Amino acid sequence: MKDEWLFAPGHGMCAGCVVPALVKHILAIAGKNTFVVNSTGCLEVATTEYPRTSWKVPWVHVAFENSAAVASGIEAAMKKFGEEGNIICFAGDGGTADIGMQALSGMVERGHDVLYVMYDNEAYMNTGIQRSGATPYGAWTTTSEVGKANPIGNLRPKKPVADIIAAHKAAYVATVNLAFFQDFKKKVEKAMKVKGPRFLHAIVTCPTGWRADPSKGIEIMRLATETGIFPLWENENGGKKRITYRPKKFKPVKEYFKLQSRFRHLSDDIIEKIQEDVDRWWKEHSE
Amino acid sequence: MLRGNESVAYAFKLARIDVFPMFPITPSTLVPERISKFIADGELDAEFIPLESEHSAISAAIGASLKGARVGTATASQGLALMHEILFIASGMRLPIVMGIGNRALSAPINIWCDHQDTMAERDAGWLQFYAESNQEGLDLILMAFKISEDKRVLLPSMVGLDAFVLTHTMEPVDVPEQEEIDEFIGKKKPEYLTLDANNPATFGAFGSPSHYMEFKYAQYLAMKNASVVIDEVFSEFTSKFGRKYSKINEEMMDDADIVFITLGSCTGTAREFIKMKRKEGKKIGLLKITVFRPFPKEEIRKALKGKKVVAVIDRNISFGFGGAVYGEVAAAMNGMDESPKIVDFIVGLGGRDITFNTFEEVLSIAEKAMNEEVDEINWIDVDKEAVEKEEII
Amino acid sequence: MKEITRGAVVKDAGNSVVNKTGSWRTFKPIINYEKCIRCMICWIYCPEPSIYKEDGKDYDAPKEPIKKLPVPVIDYDYCKGCGICVNECPVKAIDFVKEVK
Amino acid sequence: MRDIMYEVRFHGRGGQGAVTAANILAVAAFREGNYSQSFPFFGVERRGAPVRAFTRIDEKPINIRMYVYNPDAVVVLDPSLLDVVNVTEGLKEDGIIIINTSKKPDEFDFDYRIATVDATAIALSHRLGSSAAPIVNTSILGAYSKAVGNVSIDSVKQAIMERAPAKKEENAAAAFEAYEKTVLGWEK
Amino acid sequence: MLRGNESVAYAFKLARIDVFPMFPITPSTLVPERISKFIADGELDAEFIPLESEHSAISAAIGASLKGARVGTATASQGLALMHEILFIASGMRLPIVMGIGNRALSAPINIWCDHQDTMAERDAGWLQFYAESNQEGLDLILMAFKISEDKRVLLPSMVGLDAFVLTHTMEPVDVPEQEEIDEFIGKKKPEYLTLDANNPATFGAFGSPSHYMEFKYAQYLAMKNASVVIDEVFSEFTSKFGRKYSKINEEMMDDADIVFITLGSCTGTAREFIKMKRKEGKKIGLLKITVFRPFPKEEIRKALKGKKVVAVIDRNISFGFGGAVYGEVAAAMNGMDESPKIVDFIVGLGGRDITFNTFEEVLSIAEKAMNEEVDEINWIDVDKEAVEKEEII
Amino acid sequence: MKDEWLFAPGHGMCAGCVVPALVKHILAIAGKNTFVVNSTGCLEVATTEYPRTSWKVPWVHVAFENSAAVASGIEAAMKKFGEEGNIICFAGDGGTADIGMQALSGMVERGHDVLYVMYDNEAYMNTGIQRSGATPYGAWTTTSEVGKANPIGNLRPKKPVADIIAAHKAAYVATVNLAFFQDFKKKVEKAMKVKGPRFLHAIVTCPTGWRADPSKGIEIMRLATETGIFPLWENENGGKKRITYRPKKFKPVKEYFKLQSRFRHLSDDIIEKIQEDVDRWWKEHSE
Amino acid sequence: MKEITRGAVVKDAGNSVVNKTGSWRTFKPIINYEKCIRCMICWIYCPEPSIYKEDGKDYDAPKEPIKKLPVPVIDYDYCKGCGICVNECPVKAIDFVKEVK
Amino acid sequence: MRDIMYEVRFHGRGGQGAVTAANILAVAAFREGNYSQSFPFFGVERRGAPVRAFTRIDEKPINIRMYVYNPDAVVVLDPSLLDVVNVTEGLKEDGIIIINTSKKPDEFDFDYRIATVDATAIALSHRLGSSAAPIVNTSILGAYSKAVGNVSIDSVKQAIMERAPAKKEENAAAAFEAYEKTVLGWEK
């Protein structure tokens, strides 16, 4: 008896890509009565090449930048018809933090009953690893190139998307990490229960774009949280953040960087500076 | 008595739209305003979504339409232009959305008045395009557009253009059909096409590889051909039900005409009166109004123009580096036809420059000249050429 | 003849299973059931998903009581050989060997 | 047809309701079995700036859709406009000017037929608007009916009842009072 | 040896662009990637702005251009479509921005491969349009586009199209000029037009009322006419400096041709070889390549086609409800010409469907038929019609 | 000797519109070496009808939704040319909270040195008083109509734009109210000094859209802050908000509503609910 | 002849002063300098801007020392008569009277 | 011209560098005074999925820009592809197949000339990639040079030095070693 995931194998995502694992669990929790809107990106392109699809729930892709608006339309129609069901947007960091920001911001402002999941692989991966607003400081990408005039790569800090959506007073906002599965599951379950606009920021390793060993995807994600770079928290209606996992002993960020060639060029100075930024965040968020 | 925008709003109400996604823009704003009021007053049971941009408005329209809702919206100019990318997607996904347009000039410079640049720049997008001459036509065409768009043989979106201010803000007598009549005419039930359905989980908007993509485009091409047939059917059903006659092109005073004016939209009436006046002077002028621009009624136009001498196309738009869009297509339609008339283009009324009897006087004098001699193919009328040329001429 | 649906709708949900992406694999994960403690971590993390749960009784097990628990089984039709399961298995119960075809 | 068509231009200030006046006149004419059309000249200025609106009335369906260049009548809702706008521009030789003013027709020296009415006073007496912003657009239509005569005051009142956004009765009463009080400069 | 995208990137480097606003999209991504690397390596002194969308990328391009910067950018397909509204503004503001396009199909369905729908849908926007046949042409045209766009008589933006993958990702020999040669050819100094300047505070993007708007559009129209002259000048200067010949249209094997193939972009080479093969069989076919589509080289095309029998327009785009855009304009250009050939449209290669010798065989057989009998005006080639028709035909 | 404001009279804004007063003071503080980017809206349309302009500094309008992106381009060019100067965006609430949100979000994320001023008249006024994301709960607009099926009007709370931009960690964010002129001036001066992306949220009365007496514009704005509806605060880099004015005794929101017909339809219940929301905000922000 | 600049640029900064928007006015603010305390609040809030500062010496003043301070002067070419100055003046020194033209 | 043009198809897996191989071959041919062209068949699958790339070589400028349907040679970078892809599709009758494999040519039963080389082993011995992901695209070009002979191994090496993104020397050396070790099935 094979399990009935709502996401089928046979898709075209890279070996070792963590995104499908994220999707299968969210769909499992949401159940069959779920409508997915998917922004252009790796997930969309590699799972629905006509005439094939990996999706076993109603699924729609319209464009890169407008999933939240499409979901708004679906939700309104369901309201009109008195129909119940979950609406979930899946979009990459690019489709969320950058080109999809406004549609998302509008959706939250209008209070649509939609769960928006940003799978964050920290760059435009579908088009070949270009920098996004969610690319972290110091990461190499093909548009934050490293060279003698720029030894750092990406020069801007990562855009705090979850904070921004929380500032909209979204009904529920949480950061999630599949490597912390119980925390992940609790949050997704909660997200499915809350009414109104909800937002999950899910870190996902992209071995291709992070220049990492495909087998290390989960390990890298675990380090992201254990080093404090990707804190796990949640809040409701823009209220106070609850940190849901506080490492007893933080690992140095260097350990996280070591497994990813995108950070290989960084000097110790720069790594030190990043470490300080992480430390500062946690200090600001100490109880 | 209704303003053009009210015609559109009443038509949406009569069509019992389920969802109205919107973003306001002059000169269309009265459409959402009236819908908002209908809903607030409990006269219309629809979801009003005030999106944060037109790009999102058309995206929400797609979402709602995919869920099986009847969707109407309205926009103009910059708003339509901002939808551009998504317009192609709506037609590619074969969704029968109906949109009212207040035809308005495009920036820069920004200008809120009438021309057809906005919709002409979307003539490739796979939407049916209708141009109203009056507010009555605006109302009727919106209603018919739903029936045509939702026809299983078509399933393409439609836009209905009403000239900015000249129609949208002009109040005039409009006969508003009864709700029951329209319920019967368009049908109350959901349109027949595959929608998002948890019991029948399908994938919409899949990736189309080179192995399949072109077939989908060919399908759209055929659907447009089908639309041409369905439009005739719906127009004649409408006529038999409501008495008002519609056809893709309207021919008036054509039988003996040597010169034909081709118009779209609100300037048709002024042209009609002008021609009537000139006919009293013995000038043999005919009038051809294009109501349906997409699908382009090529055969109808060929037939109508056969044997005419000069055709003056009144273009309220300009494709820079080419000429007027209507001119281009009419001229192209003449290819291979014997007794092909000379097609002359007149760029008029951009950005709300008023189209008057004087405009047509000038058009006529050039058209008459063209009967015997060479004239410029592209002629700008009512424009202060000298003022421009000192900076631009080489 | 190709099927050209209206609007490019794919009606057959989950039909990507016809793509046997197992052919992408260069290394192959093999579960050693004698070591496997049935924690299902590999099942949780397999991205394809190409690990499914099967009734435990037909499999070896390190300890008797575990035998009844469901076991993870790899569907090699889809396993791309990413090695995540290998890496995440807490008891190193999954071997990773060069594919021979 | 041009012989019978009647064209009216309204001059007002943004916010004063000149467009509504043009619309109500069109409705009134339509109620009497005419065809009619009304439309604004829409500019980008805001409340307070001079605005124009137009009405066409005809016995046959109205085809033309250009601005009115040679009105048969001009209606001036705000006397202060007389200093800043050339209200008689293009007015036909035998045209009529209807002015909201406390003055009498012979106090103006336009070479046209002049009708005057103190629409502001009438409006305020019916509590239409405030003294800073009296709403005179219905009152002035009473004057129009009296001066031009191609729509009856009854039709004007009915059109007001149908179309006025608020205070329907008061507006209709004001129109009627204005009708009564309008002074026709050419009737002496 | 360069890939097409590298040609574009090198051309931007040689042009010493000041600002490079960008948003990535397949198949153009290698352009920004190379520019990023040039800058990181200190080989190019320019500001790289990674905008959050193409809409913002073209907006930033406008801002930078208004500040007097030389601006290049690159996009494709959905990205270009998302810029639509702002493209009209860039030309209306008369800013000499140069954009490289990887010509790609438009959604829906989403497809990343070649066709010309994206740029054709912007043919009204007031941008000059160039189509490259090869990567060499891609590089040369970008360089020349700067000189043409920045010419005071023109001051209009340009887009240079390179076919997705077929050029953008194909590596082939390209002769890259020396920096000094280009410095001399295009000029290092800022372009001559009014810019944002605190000492000379001007207002850009003012509101254009009906009293003025149309004159600005007429000015754009004249600037396009000027562009036609300037293009000839710049093309011939380029030829004299660099040896490579360019003209708005390229005529080959035309003298005795009865049938003419009209092509744009990368399929030209395949057509050329095909025609050469067929000429060996005695078929009198000629080839007309359009390099400059905006301004549309109407006169040149008329001259070239005079007396020909059948013209087969190879359209890698479709205006739904009409036909191919190139076909439409070529056919329109024939109006009023004596000895006008029959223009036949061929819709080919949409969404990356490969254009092969077989494609041209089919084209030829229909074109030959058209010599003697009626044929459809719009012909879809290489498409599985049956697969579509069972759903769409009525 | 007439004063040399950098904003000239003769523009076409409504009598009593407060926007020009805002603009004249900001320009006065910024000085001549200032480049203005103006989104489509009342301010833009009514001050630059060709061939006239009220602007005495370099000024540009491109579209409704993209001022922040245009400003990004100007800033980059200035950087390239090594030129100094202030870049200021003026945009309405619609051009900021809704259609311009993404361009602004991107500008802040990239760290451009631009001051963005949102003049907030709480609706799309230029097109005739349609609801925007910044329209407050309970306000009538032409697209949040009041009727028997909806006695409230606008049903969504006002989008907290300044909070959202602060969540981006913009260099400086402040809410300003011309009726509190000293506070206003201090903040604008500060905004001119800080480097990086800065944001001012300025409330402005629109007598036309708020259905108010044109002479009462400043009075209404004063009440907005004295009732606590429009709190004055500032912060840097997403840090803690500093309340810069805390009314000694809050006036009831009803007093603010009374002067504006857009709230006329509200029942006491609804006004009470709004009062509670205001009270809650201040409780959450008590020291 | 109209001036049609390239790209619709307006070169003459601040030339909107040719528009005498004072004609929009229906009520007219008149400053009573005998009451005016020179606080300049009216000057701060006038939106046109149509109140400017002038040397105080030619004006009356409520108190002698104030006489030297600059006074607010209304430029009626532009004052639209909004009444903001009237409303904001702390000493009610501005009268608001129906315009007579 | 079709007589002289030489067309090559590469089969690899996403991430293995088939496209780079095609490019380097084109560069090598160009260095020798030929005209050349190389391009990928770009699909949407990711790392690991089968991919194709093409090179054309000619003495005259290359005009045609369609895919290669009838290659003169096929290069297989990953032997596992033989099971999932029809690598000989369209291959000319006298075509050549070059396979990265530890097997010998006669262990395959294609009806074509077959050349084999253990490019994986060679690549690993030069530390090109890891055993999970060996980078064989340069080694296989050595085999191509040997098997087809229309580009010299020197040109291949120079092209590698010019174009390899990293480890230029190692790649060149690997190509040379592969050149030496390639087994030509038809030379017995």
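Here the chain labels run A, B, C, D, E, F, G and H in written order, and each chain numbers its own residues starting at 1.
The rule is simple: a contact is a pair of C-beta atoms (placed from the backbone, for glycine too) under 8 Å apart; a residue touches a chain by one contact, two chains touch by 3 or more.
What you see is a predicted model, and the numbers here were worked out from it, not measured in a lab.
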>> Between subunit F and subunit H, how many steps is the shortest route if every step has to go to a touching chain?
In response: 2
> Which chain is most remote from subunit H in terms of Cα centres?
Replying inline: D
> Max contacts between which two chains?
Replying inline: B-E
> How many angstrom lie between the CA centroids of subunit A and subunit F, rounded to a whole number?
Replying inline: 32
> Between subunit B and subunit H, what is the gap in Å from one C-alpha centre to the other?
Replying inline: 56
> Just curious, how far off is subunit H from subunit G if you go by their C-alpha centres, in Å?
Replying inline: 82
>> Two or more other chains touching the same residue: where does that happen in subunit F?
In response: 12-13, 15, 17, 45, 48-53, 55-57, 61-63, 65, 97-99, 101-102, 105-106, 109-110, 133, 207, 213-214
> Which residues of subunit G are in contact with two or more other chains?
Replying inline: 2-8, 10, 13, 21, 24-25, 80-81, 83
> What are the residues of subunit H that contact at least two other chains?
Replying inline: 44, 48-49, 132
>> Per the contact definition, I'd like the list of subunit D residues that touch subunit B in the complex.
In response: 1, 22-23, 26-27, 30, 35-40, 42, 44, 62-67, 69
> In their shared complex, at which residues does subunit F touch subunit B?
Replying inline: 40, 45, 50, 61-65, 97-99, 101, 124, 126-128, 130-131, 133, 142-150
> Given the complex with subunit E, which residues does subunit G contribute to the contact?
Replying inline: 2, 4, 6-11, 13
> Along subunit E, where are the residues that touch subunit G in the complex?
Replying inline: 92-95, 155, 193-194, 200-206, 208, 211-212, 215-216, 219
> Touching subunit E in the complex: which residues of subunit F?
Replying inline: 32-35, 37, 44-45, 48-53, 55-63, 65-66, 68-81, 85, 102-103, 105-106, 109-110
